[in-house]
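In what follows, structures are represented as structure tokens.
You will see two complexes here that share chain A, one where it goes with chain B and one where it goes with chain C.
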Partner chain A sequence: MPDGKYPSTPRVDAWDKVRGAAIYAADDARPRMLHGALAVAAVNRGQIVSLDVERARAAPGVRLVLTHQDMQGVQSAGFLLGGGFAFQSFQPMLSPAIHYRGQPIALVVADTVEAAQHAASLVAATYAVEPFQLSLDAPAQDIVAQHGSPLPQATYADKVAGDADGAYAAAAVKVDATYLSPPQHPNPLELLSTVAEWRDGTLIVKEGSQNSGAVRHGLARQLGLDPARVQVLSPQAGGAFGQKNSHQSHTVLAAVAARRLDAPVKLVVSRSQGFHGASFRPASRHRVRLGADRAGRIAAAIHEADQQTSRHDLFPASFTEMTARLYGIRNFRGHERMVRTDVQTPGYMRAPFEHPAGFAFESAMDELAYALDMDPVALRLANDTTVDPLTGRPLSSRHLAECLRRGAERFGWARRSMAPASMVERDGTAIGWGVACGAHKAAASPAAARLEAFADGRIRLAVAGHEMGQGIRTALANVLARRLSVDPRTIEIIVGDTRAADQHLTAGSWGTASATPAADAAGERLIQALRSLDPGYSGGAPAEVLRRAGRASVAVEVATKAPGQPDAVFQRLQGGLPAVQGPEFPDFVSMSYAAHFAEVRVEPRTRRVRVPRIVTVVDCGRVVSPRTAESQVRGAAIWGLGSALREISETDGRYGGFVNADLAEYVVPVHADVPEIDVGFIDEPDPRLNALGVKGLGEVAMTGVAAALANAVHHATGLRIRELPIRLDQLLAAPAARPT
Partner chain B sequence: MHPFTYTRAATSEQAVRALAAAGPGARLLAGGTTLYDLMKLGVERPSHVIDINAVQELSGFDTSGPRELVFGGLSRMSDVAADRRLVEGYPALSEALWRAASQQLRNMASLGGNLLQRTRCPYFRGGAPFACNKREPGSGCDAIGGIDRGHALLGGSRSCIATYPGDFAVALVAFDGEIDVLGPNGARSLPVEQLHRDPGDTPHVETSLRPDEVITRIRVPATRAGRASTYHKIRDRESYAFALASAAVGLEMDGDVVRQARIALGGVATRPWRAREAEEMLRGRRLTGRAAEEAGRIAMRDAQPGSHNEFRIELARRTVADALTIAAGRA
Partner chain C sequence: MSDAEGDCGTQGLPHPNRREVIAAGISLPVVAGVASGIAQPASTPAPERIPLRVTINDAPYELSLDPRTSALDMLREQLSLTGAKKGCDHGQCGACTIHVDGRRVVSCLTPALQLEGRQVVTIEGLAPSSGELHPMQQAFIDHDGLQCGYCTPGQIMSAVACVREGHAGSADQIREYMSGNLCRCGAYAGIVAAIQQAAPRMGG
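This part shows the complex of A and B:
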């Protein structure tokens, strides 16, 4: 059996990407293609009273204007967490109801995109407005505890181990602090975009997605079609980050228009409409209490959190699923509540719960270290575990302590002096060094794969999985190339295509751990098939064997699932529904881990914060594609920096919606912000989770980065800033953040 | 985008004639980085667009003259920013350009267009449903009492508190720059400091330029203060962002004593803001850290905070102080 570390092979689609040969949905440009543009609601809640589309209809080049009056027979696709397929239960344009500003109220289709956009601006509506609320400080009837709610309690009930309140009360050293995380938008560079067309009664949709299966089945439900009559092609998404993890609201509009017009319709949702038309990271507030003995053994942790949801859906949080498992804290209580606000339903922006929870919990850990006067790395090492505190089951693997040790070594942590504001450059620049850890569930989903080898030398793998830029094709190619002893470049990989394989949601860092074991198993099955043609076959190019046997091709199919999953999960896979297991498995619990070390420099006068370097060491099991894995970790460090120091979606209580809804005003890091990022991997396989030993990476890599930076800011300045993003607003507003 | 007609002018005179003929709905097109942006947002809705990119006499610049620097209205930000004589002799002017926008934008954007860029106020850019006196006179100002983190601390009125976002004009104001304009009645010149108007009750009238005038040239008198100068810009990220606060500073020094200081503030006022009282205070003083900080305080003495922008008063003070220190280091 092949094993050992994988080589750092180039990204298989790098060459295509730099040449523009990687094709995204909106790249589809053909004669006869029509273009859509959305008109959106100007109010945040209420009803459309009148909708005047006559001017839009009369505008030059316009072929069609759709409003809620033209959508008879179309259904909601259902909420992803309620047995449905969409990021929210509410489908705009099925009624006059307005649930959020920016909600589509009309689709204009025209010969050119300019004509469509112009005509969309001519759509005029009047509304009967209703009051709305946006704040986490909501009236009691808008607050729903997850515990005891209609949500599946196995996942969303309070997380309780031991007696946290009792142990906290008795603890010698305590921290009790509240942390805030703002709404944020993922802004994948590829805008939400769909090309819909009908061919012989079959709807064909091109859309960058992490979940082409849900798009397919969502459309089938919405339009009352047999799913066999809907095919979705999503060979690449130009970034997705959780925003493209389910069926979107605009897709069906393009499909209906294409049917009416009997022509392909392309609908690209503008950047600012994307701030309102798709999911985002909701605001959350976390109260964390930690109680420890004087030696730094943490006896109790209580983590209570409120997270924003929409009025029409209960979008729950899983903050404490992670924080309960980060350390060996025997007494833990986690409690989460959802706060109804008048927005589109929020969603799973990268490290959706782990990032805000990590900021809160790992900031509190730093506060505890200072309360104890104990080195923050030593505090974390003193609270390591091999057992899952919530279930008592063993952890399938945990190398967090090693991440901390290696990270500290690479960073030079030993040279740090503990006292805040104690490391200062000659010009007065304050230096701050911070550390924080992260964990993320290691989960897996069922996957179907079809592997075909041809006598002309081609090898083609079709598998459940999506390429969002994370490098799944490269990981699959590496695994299969090793299994078959062939050059990875000879393997064609088809992902995100419902015609080729049933597609499961690729998210939650389970993509690689789900797709690569399927590819590996398919490779093994292919070897068997080739052996039946040539008993002497022991790997290498299959074409030889096929030619000798006089066969044009040979194909094998496999289906794999996570440990302990029942066979019924395959039906969910076929039905486009999520079927994920993890972090809890029958015999163990699996998590990925990361340790981050960050340096900040704070200018003496202006207090401008700069970040020269970040060191991250990750335990994600076996690293099957070192090059793309490293780039995932770099991206996560940069995004963690953005989230910690830059990004906030601003809301105006008078209007609802988001005010800074473009890439000039929503401040993400640019190249000049990007520090030196040193990436390390433990690269120890976790064979209990799957044969390859792969855990997850994309999200754990970001979990804790913000806390490492916030802790570094504290170390540099003595200011403990508990609200993200940390900006000059707080650093200069002395009364709100006096040195501690 | 709303439909519009488009013509190209070959000379400045042609551009002026075309403007006059088309009436108030016409706009000149230089790099288009402001105009197209606002057209796509529906904030600018010109009926007629006159492209001046082919007008030869507007492009190019000359920084070699003994008395003044001369920049064509159409010279590109990136070309001017990279000019060696400017980088060495007038770093404030060069830095104000290369610390603005992005390389791609600077490659397109002209200096004339740069001076006339419009505010980043989200209620102005956002269109309906927001009320904005600048976009729709008389409709109100949603920034007041709204998200005013980036809004002006100096020069605001009850009608408008929009910040003038540009950087280059701030440096020009510090160095007594002038513009030459051509209109139907011939040419005239005016100090850049008089180009942008206080909002008062008419925030939609942003400049003292008439709708049918073309900026042909920008001129800056040669000065020894050019060398000991900087454009210091503090923003929400390291590049590609507008100023939270900025300061253009130029110094003429006798040893460590200030003979003459030039200070203009950016990002904090409704127009490029010359801080003359601070300049006066520094005259004849040793430029200590204390003195620099005092200059910052004086420069921001009249600042009026709103709901979310008070921190920028302190930031601007310190930005001025840092700018003075940086400039003095170049003397």
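This part shows the complex of A and C:
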């Protein structure tokens, strides 16, 4: 299109997906396949005293039972944030130690799923139990400030600009409030699944992952293998949402069993076991203080937060990296602490820090708007910026004000009356309209790509990246199709395959901004190669050129990296380690932005909250795949809704673990919950970040949605709920603040 | 053998031990210090295999099955029909939805032996021929009613049944009657739009 916008094209893998022909890890079904099932710890902390696996071993169909006594020589893969590859440093089943309820204590492998599950139920253990703690209200020795900790201080030190405490003390209008965000589980619909097999001394693993490179190098480290002897295939993940962003604890168990049995082993971790077997969104508590003048110019913001980590790892938070940059607030202080709890190490669930931080900060902004008696959109517009408050560097692009203006227009915000509980239906249903913004770092990683064109018409791109449903294949196909002037359907895209390209973690909304520039550069290189065969070539089907030149194929390779990254990042890419730059780049700072407008309806007697509509307008730079991008924004709005009104992983202080560990008790939005979601894009490229002008989308689109809903609930009822999810008990406990 | 009326459930089962397998799969015992899993007599004898005759996607099958096997595991692990997905194994997500005698059931809660004599259709058998799509499949593509695709076979099988049941009269009715099919990616709006597109094209 002349304005540079990309057309809305169908998802390239939809044809397979609607036929059940897209292949996920557990879809590997073969006659000789053996099946694994885990037995897990029934206590939250302590030591295994005795482990009786005899009945399991004797059960019909059982081939093998592995316990910690059978894992000699296996190492930890190391913690993702400590130079390793796994979501936690602790590898279960290497010792009798129990660090959390639900931790695997034995793997049973049998001829059939039924035999394996039955035998796993026969594993019996006794434990010496130790006390544990799960609360953010931990003793002082369990609380670690990130500032001054062993964590890299360039990233995790306090975020300070100006003198926030002084400016806050002097401010005319102030807000000081504390917000709570609960533990949550990503629950991608695909269960954690691994198929492991050995062929001629090479370990081949199929697993839905966002980080096949880390699975590969993690297994190599754990088993003492040359990484060249490990191949990981992850062509599709059935959703991931951060839970599949690193090496999992169960994978090596399947690999060891497959080696012992010299047969492929499929291990599907049950839904309930998945609540303990992989990472989750940790609980966090946020105190936000805002100080403004009477015109609504915010002079100071102080954001202090505690976040749950495990006892064995320091999983840090980056809440204030975002909130410091959401507005042009010159005096800012952000301070984060980690609270040790006895759980598996938590991790990165979609908008891991931005969502809870956004709920807190954007709720506080709404509280400030009411303290000022100022329209909440106007307050936000009054605090816009073109400069990054933390570094003083320019923002590469920022269209947040335009997101707010367009969103307000689409939503009909001008018709809102400011007073809480002032919009009421005839039947007493309270109507609430809320607004909130979100920001997310725009980051990028190195990427390697190999592009091959064949005389028979095929074009094949292999690139670092993973398809978890966000639509990366479609984005890659669109970019390459435009560069080469070919039909996107003629391009085969290979992602998540360590045999085809070195694989980097696909997360943090940097996937598209990292992989599509590599694809585009590869396309450019291919055009040059075709021109050397035919100087007149100016795009179109490469097959013609190849046939005329008598060539079967031509291949090119490129490697790209983020602005300012040193060449050393390519070694990290090859080693399966994250090498991400952003939001800070040498000459600028890059963020994506979103503005959300939400309507809630609160029923007069039951206080049930329904959400009829959400409007989201996003500034994610150039939109390279409009159709999948819209779907991603809708999904993110639904995630915000789930987070605001439904999702909490309940813990039990007596027994430990997560008690609502299934899809009936862990409540996620269903069809009947889902509102009309109107999606808009600014679609202005950010050429400083990469040649295509792509920023990130998947997480910014969720950031702030929960606050928009909470602010709408306040507008409907006058009740300020500062703890997620918002539930009936909170709305019923307070006196109804509505006219009749 | 089975005289249950097509729905998932355990009535009509010769050995109702599917429940035992389910319990073993999910249980996290709450009594500290006790083993995970449910105590069972040692060395349970191998369950006797039981014959099953069933038609799947118009093809007749004669099988011999462990009575604990779910319809889902039979399809996936024994017949390599892996279109139906396992998202929970507990009837909570709908990813495993198939048609049995034209009615939608969650195959993870359907004992395979309950399919005796029945007509089963899975996502692999929905399209009229291999190069074509069912109108519902095409509508899912047109409205991008999917992201990761993991829930998609179940959504589509459920959607086709929803239309045939006469429960696709309005967007609200579709939402109500599709609420047993979770989509964690949140492709719900596209799914509802797809069902509205496909319903009039599905004919009788």
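Everything that follows uses one rule, which is that the second predicted complex is superposed on the first by the 731 of 740 C-alpha atoms of A that agree within 3 Å, B and C clash if a C-alpha of one lies under 4 Å from a C-alpha of the other, contacts with A are read in each partner's own complex, and residues count from 1 in each chain.
Definition applied: a contact is a pair of C-beta atoms (placed from the backbone, for glycine too) under 8 Å apart; a residue touches a chain by one contact, two chains touch by 3 or more.
The structure presented is a predicted model; accordingly, all values stated were derived computationally and were not measured.
After overlaying the two complexes on the shared chain, residue contacts for A:Asp13 are found with chain C alone; chain B is out of touch.
Contacts of A:Leu732 after superposition: chain B is touched, whereas chain C is not reached. Residue contacts after overlaying the shared chain place A:Arg271 against chain C, while chain B stays out of touching range. Of the two partner chains, chain B is the only one that A:Val667 touches; chain C does not reach it. In the overlay built on the shared chain, the residue A:Leu94 is in contact with neither chain B nor chain C.
Of the two partner chains placed by superposition, chain B and chain C are both touched by A:Val43. In the superposed model, A:Arg627 makes contact with chain C only, not with chain B. Legend: residue contacts after superposition of the two complexes on their common chain; A:Gln470 is shown touching chain C, with no touch to chain B. Number of chain A residues touched is higher for C, counting chain B against chain C.
Once the two complexes are overlaid on the shared chain, A:Arg646 sits against chain B while remaining clear of chain C. According to the touch criterion, the shared surface of chain A, contacted by chain B in one complex and chain C in the other, consists of residues 42-43, 60, 101, 114, 117-118, 121, 655, 661, 664, 669-672. Chain A contributes residues 42-43, 60, 101, 114, 117-118, 121, 603, 605-608, 610, 646, 650, 652, 654-655, 659-661, 664-665, 667, 669-673, 727-729, 732-733 to its touches with chain B in the complex.
Contact residues on chain C toward chain A in their complex (touch as defined above): 20-21, 23-40, 42-47, 66, 68-69, 73, 76-78, 80, 82-90, 92-93, 95, 122-124, 127, 133, 137-138, 140-142, 144, 146-153, 156, 174-176, 178-192. Residue ranges on chain B touching chain A, taken from their complex, read 1-3, 40, 42, 120, 122-123, 126, 128-130, 142, 146-147, 149, 234, 236-241, 244, 308, 310-312, 314-315, 318-319, 321-322.
Every residue of chain A that touches chain C in the complex is listed here, in rising order: 10-11, 13-24, 26-27, 29-30, 33, 35, 37, 39-44, 52, 54-55, 58-61, 101-102, 105, 112-115, 117-118, 120-127, 129, 187-191, 236-241, 268, 270-272, 468-471, 627-628, 630-632, 634-639, 655, 657, 661-664, 668-672, 674, 676-677.
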